[in-house]
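Per-chain residue numbering starts at 1, and chain names A, B, C and D are given in the order in which the chains are listed.
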Amino acid sequence: MMSRTVAPAKTLNAAILGATGYTGGEMIRLLARHPHVHIHSLSSHSFVGESVHSVLPNLTGLELPTLQAHESIQGEDIDVIFACLPHQQSHTLLAPLAERHRIIDLSADFRLSLSRYQQWYQTEHSAPELLHAAVYGLTELYRDSIRSASLIANPGCYPTAVLLPLLPLLQGGLIESDDIVVDAKSALSGAGRTLKPHLLFCEAQQDITAYGIDGHRHSAEIDEQICRHDPQAPEVLFTPHLVPMNRGILATLYVKTQASPQEVVSHLKATFADDAFVHVTDEHRMPHTSWVAHSNHALIGVSPRIVNNRLVLVCVIDNLVKGAVGQAIQNMNVMVGFDETCGLDSIAPRL
Amino acid sequence: MMSRTVAPAKTLNAAILGATGYTGGEMIRLLARHPHVHIHSLSSHSFVGESVHSVLPNLTGLELPTLQAHESIQGEDIDVIFACLPHQQSHTLLAPLAERHRIIDLSADFRLSLSRYQQWYQTEHSAPELLHAAVYGLTELYRDSIRSASLIANPGCYPTAVLLPLLPLLQGGLIESDDIVVDAKSALSGAGRTLKPHLLFCEAQQDITAYGIDGHRHSAEIDEQICRHDPQAPEVLFTPHLVPMNRGILATLYVKTQASPQEVVSHLKATFADDAFVHVTDEHRMPHTSWVAHSNHALIGVSPRIVNNRLVLVCVIDNLVKGAVGQAIQNMNVMVGFDETCGLDSIAPRL
Amino acid sequence: MMSRTVAPAKTLNAAILGATGYTGGEMIRLLARHPHVHIHSLSSHSFVGESVHSVLPNLTGLELPTLQAHESIQGEDIDVIFACLPHQQSHTLLAPLAERHRIIDLSADFRLSLSRYQQWYQTEHSAPELLHAAVYGLTELYRDSIRSASLIANPGCYPTAVLLPLLPLLQGGLIESDDIVVDAKSALSGAGRTLKPHLLFCEAQQDITAYGIDGHRHSAEIDEQICRHDPQAPEVLFTPHLVPMNRGILATLYVKTQASPQEVVSHLKATFADDAFVHVTDEHRMPHTSWVAHSNHALIGVSPRIVNNRLVLVCVIDNLVKGAVGQAIQNMNVMVGFDETCGLDSIAPRL
Amino acid sequence: MMSRTVAPAKTLNAAILGATGYTGGEMIRLLARHPHVHIHSLSSHSFVGESVHSVLPNLTGLELPTLQAHESIQGEDIDVIFACLPHQQSHTLLAPLAERHRIIDLSADFRLSLSRYQQWYQTEHSAPELLHAAVYGLTELYRDSIRSASLIANPGCYPTAVLLPLLPLLQGGLIESDDIVVDAKSALSGAGRTLKPHLLFCEAQQDITAYGIDGHRHSAEIDEQICRHDPQAPEVLFTPHLVPMNRGILATLYVKTQASPQEVVSHLKATFADDAFVHVTDEHRMPHTSWVAHSNHALIGVSPRIVNNRLVLVCVIDNLVKGAVGQAIQNMNVMVGFDETCGLDSIAPRL
C-alpha cells in the first residue's frame, strides 16, 4: 500500500477514469476549478482518442487532455485517481493501480463487505484485500479514517442522504434501529447517461415511479453501515423513486424514537456543528432539493411532531455533488490535508 | 332532501360552481364530452360576465354559457351541481342549494365529521345537518350509499390514492391499523391555480419538498375513513411531497402485515374484480403515474417481499381525474343510474 | 388500384403498422375511441408476439390484438391500414398492400415528387407509381382529392403547421412567395422514441437548439407544396428547433406582404370558415401550443403590425395529433364518408 | 461625475439594489465568490429588515447583510452599486446616487436615447443628463468606453444575444441592415419573479408562445444600437418567444448577405479572437443553450448554407449571466481594472 504525504500547497495531478458519463463530466467541471488540482489525464470507454469537448461541449474554454483508454492511465506523476466507472468494472481496473496511486472510487465496488458484495452483485470480487482496506468515504462521519486511507469507497447518493441523519441518531441512541422506513426520491441523473426508454424526456417528464422494489443495492449499502454500529440491526425498508428532475435527492426517514424532536435537532446540530456542508434547517421549515442543487451541502429537516412514536426526518442533497463528485473531492481534500472545502464553494442557484 | 329518479337516457343539466380553477376547467372538459350531460351554467368569482373561453383558451370549439356569479346559480332545470370551490366557501354557498339540487362537492367541507372539521379548519360549519347527510364519494367502496345520496363529499386526491388499497385490506384483516406510514408524492396541480412563488415554473421545476409536515388536512380525511372501520385505530403517519409534474399522485404505503404479498394481491384483485377503474398491476411491475394520466384509472402495485413484517403498496392516480373531477362524474353516474364509466373512457396518453 | 365504398354506419377494420412508437401508440389511443373503427391488427418490429400492454402500459382496459410482424399484416377484412413506420421502410412494406387496401401512410415516403424524394433520401423509391397516385393529406386544403384517394401521404408535423396558413395566403395572392422565412419550434416527441443522448431527460430538459441547419427534409415537403401553386417559387428558409416539451409545434412565419393584417385575417377566416379544426385567433392574442395539446385543432395568429413589409404569422398544433395521427384519422373519415370530426373530439386539457 | 481609480488588489464594497428578485439573487451568488468584492449592503422592496436567507434559502453558509430599504443604501465606503430594480424605478432611485458612486444598472432605464425612452415607456425620464452620460455595457464591443464610465446601462438579455453577432457583421459590411429578421426564444426566468398565471409551473410546462408581437421594448434597444452604426437602418423585425426552461436564450437571426458563410465565420472569429467569453462554434454544429447555462459564455453558430441570399446565425447565452448579472460583473471588472474574467469562471454543468 502506498503511503505518501503531500504538502498542502502543492498542485496534485488527478486522473479521471470514465470522464464522459454524468459523474465524470461533473468531476472535470469541479476539478477544473479546484485551486490545487491539475487534470492530468482522462479516460473513456467509447471515445478514446477524441477531444472531451466533442463529447461534453459545455466545457468551453478549458484545456483538457485527450481521452485515452482506461487501461492506459498510468504514470508516476499521477497523485490521485477518481474512478467514475460502472459498478463491477471498477474493481478489475483499479486493482493494478492501487499499489501506486491514491484512489477514490465512485462505484459500489468497495463499499460492501465481501459477503454482501457477492450476495448483491452475484459475482466474484477480483480484489478482496483492497475491499478490506478501503475506507467508506462518508466524510463527516469517517473523517479520521479517510485522512490515512489510500483507497476510498465513495458513498452512493442514496446512502449519503440517508446515513447523514441516521447514523448519528443511532449512535447517540436517540432512535431505534428497529423497523426503519426510508422513502427516497431521486432525480433522473442518478440513473446515469444510459440509453433506456424510461429515461427519454417524453416518457420521464410527467412520471413518478417506485423502483428496485424487490431490493435495491443502495439498501445493502445502508444496512452495511448500520450493522457496523449494531450488528443485530434489522434491515432498513428502503424504497427509491424516480422523479422528473435533473439533480437532487430527497430522503424521507420514518424512525421510531422516545426522544422529542427538539432533542433530535439538538443532537444533529451538535454532531455537525463544525461541518461546513451539513446543516439542520430551522424548525417547521423542511428543506427543498433546489436549496442544495449544484452545491456540496446537505440539509436535514426534523418534523416538529411525533406520530405513533415515529419522527419524520428529511435530508436533501445534490446527488451528483454531495452524493458523488463533491464528496469525492471533499475526501481528497481530507486525504491530502487541504482545507476540506477547497474547490467546493459553489452556491446553489435559485433556479 | 330531494329524491329524484332520472331515466338513463335523459340529458342532465349540470352547473359548475368555480369553473375557472384547475378542477373547474377539467370538469368542463370532461362534462362537455359526457353523452348525457348538458352544461347548463358556470360560475366564477373573478370573471363574472366574461366568456369562459377568454379565461380557458384551450376549450376551442365548445359552446358554453357565460360565467355568472356563484350566488346567481339557480333554476328548476338544474339537475346536478358540481362545486369546485375553495374549502370553507363551499358549505356556505351550497347550504341554500342542497334543498333542491343534487350536489357533488369537490371541496373538503363535507368530508369530515363535525368535530374533525372544526378541529382542522378552526371554523364553524354553517350546515352541520348537511354534513351529516353527505355521503363520502369513494365510488368503488361506497357505491350503495352513493346511489341514494343527494349530497356527495367527493374525496380528496391524496385520500383517494391512499384509501383505495388501504380500506379493503384493513376491512379484510390482512393488514394492521397500527403504525401505518404513508409517503405521498403529488404533481403541482394539486395546489390549484394559486399565485405563490413556490408554484412558479422557475422555482418548482427542479425541486422536491415535503410539506404539511406538522399535520395535513388530507391526513384527517384518511383517519376519518379508517376510524369508521376501526374507531380505535391510531393516526396514520402521512407525509405529502410536491414533485415537478402537472398531474399525478403516487402514494407509497408501508403497512404491517402477517399475510403474504400473494394474499394481499388476491384480496385486492377480488375486491376490485368488477370495477372498471381500479386494477392491481402484475407482480414485480410497480405502476407509474404516467400510466394513468388524463384517465380515471387507479393502479395498485404490491411489493413482492416483506421486510420487518412490512409490505409496500403503491397506488397511482391522476389527481385531477380519479382524484377529483373524474370520480365526481363517476359518482354522478352512480347517483342517476347511468353506466358508471359514462363520459370517463379517456385513455392515458403515453406522453 | 382499389375502389371501395363503405357505408358510413359500418365499422371499419383498421390495421396499424408500427404500433409501439409514439405515433403508433397515439393511433391506438385515438382509434380505440373512434365510434366506427375496430382495431383489427397491430404490428411491431421489436415486440412480435407480445401483448401491446406490456410495451404501452398506459392502455389500461383495452382489448387489443397481439403484436405481429409487419409482413404478416393482411386479410380481406382489413378496411384501412395506418402505417406508422420509419421513413424508407414504408414504401417497401406498403407496395404489396396497396393493391387491396386503403392506406394512410404517416411516413414521408409518399409526400414528395420522385425527383425530390431521390434527392433528399438518397435512395431509390420502390413504388414510384404509388408515389404518383398518392394524395397529400392536408385535409382542409385537399379534401376533394382525399375523398377519392386510396393512398394518403399524411403530412409531416412541421409542414402541417407551416402550410395551413401559408398555402391559402399564397393562393389568394396576399403574400409573396419570395424570401419566406419560417422559424419552427417542436416538442421532443417529434424525434420519436429514439434512444439518443440528446433526447434523454437530463440533457433535453434545459435545452433549446436549432437543428437540420444544412437542410431539413420537412423543408423539401414545404417546398413541394408551394411549387404546386407556383413552380418558380424560391425555396423557403426553414429552421427547426427542439424545445423541452412533450407535445406541440409552434411555427413562426415571416412573410412579405402588401396586404394589411386585417386583410390577411379576413382571408384566413374565410378560407377556414367551415372547418372544425382550423381557427384564427383574435387580434393581439397569439396562440399557445398548450391551447391545442391532445386535440386536433390548429390555431393561427396574425401579428397586428407590418415591419419592413413583413407580417408575422404563428401557427400551433399538437405534433402527434393534427401533425400526425389526428389528421390521419381525419383523412380516413373523409375517405370513407364519415363525419370529418368523428373520433377527434378531444379537448385540449389546460395542463 | 465621479472619477476614481481602484488598484486591482483592493477589495471593492458592492451594494445590490433589489437583491431578492431573480437577477438580484444571482448577483449575490456570483459576487459572493468574486475574489475582490465584498457585499456591503443589500436592499429590497418587500423584505426590509429580514435576513436574505429567509427569502433565498439557497444561500447556505454565506454571511450577508440584512435587507434594507432601497432609499437607505448609501455610504462613502460603497464602491459600486448594482441596481437590479424594475424598469422605471431605476432612474428615480439612482439619480441621487450617481454623483458619488459607480453604478451598473440592469434595468432598461439608461439604455435608450431620450426620445426612444419616452416613446417606448410613455413616461418622463427623471435624469436625462445621466442617460446621456451612461455607457451601454455590451462589454466586448464597447470595452474602451466602459473603462472610463461611471454609469453603465447593462444590456438586456435579448439584445445581448442578438447584438453580439449582429453588430460586428454590420460594422464589417458583411451583412445588410435591411430586412433583418430575429426570432428569439427565452427561458421563463426572463420574466422575473412575477406572480402571473402564465408563469405557473402547470401552465408553462407544456407551452410555447410568441409574445410582444405588437412591439417589444428589447426591439427598441436593438434598433438603438444598430442606428448608432447606421442611422438610416430600418427596424429589426424581432419576435420573442417563451419556452419552458429556467435559463437560456437562443436567438436565431436571418440576415441578408453577399458574403459566404466562411467569410462570416472568419470575421466573427477575428472580432472575438481575444475575448474569453464569446466563441464561434465549429461549422455544422449549432450551439445549445445548455452549453452555456450558468456560465458567462456566448456561443455563435453560423449556418453552412445561404438560402435566398440569407444566412442563419444562432447565438446562445444564459439570460441571467451573460444576459444580465455576469455581464454586469464583467463590466465592473473592466471599469476598475480587474481581470475581465474575475469571478466569472463558472463552467456550464452538463445537466
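Odds and ends about this structure:
Everything that follows uses one rule, which is that contacts are C-beta pairs under 8 Å (C-beta built on N, C-alpha and C of every residue); 3 or more make two chains touch, one makes a residue touch a chain.
Source: prediction; values computed, not measured.
Shared numbers divided by all numbers used gives the overlap of an interface; between chain B and chain C this overlap exceeds half, so the copies present the same residues.
When the interfaces A-C and A-D are ranked by how many C-beta pairs touch across them, A-D comes first. If you average the Cα atoms of chain A and of chain B, the two centres end up 40 Å apart. Centre-to-centre spacing of chain A and chain D amounts to 37 Å, using the average Cα coordinate of each chain.
For the pair chain A and chain C, the distance between C-alpha centroids works out to 47 Å. In chain C, the positions touching at least two other chains are 22, 189, 202, 205-206, 244, 246-247, 287-288, 290, 293, 350-351. Partner chain A is touched in their complex by these residues of chain C: 22, 187-189, 193, 195-197, 199-202, 204-206, 244, 246.
Of all residues in chain B, those touching chain C in their complex are 22, 25-26, 29, 32-33, 56-62, 189, 246-247, 276, 279, 285, 287-288, 290-295, 297, 299, 345-351. Every residue of chain C that touches chain D in the complex is listed here, in rising order: 178-179, 181, 183, 185, 202-203, 205-211, 213-215, 234-235, 237, 239, 241, 243-248, 250, 252, 254, 284, 286-290, 293, 301, 303-305, 307-308, 310, 312, 314, 316, 350-351.
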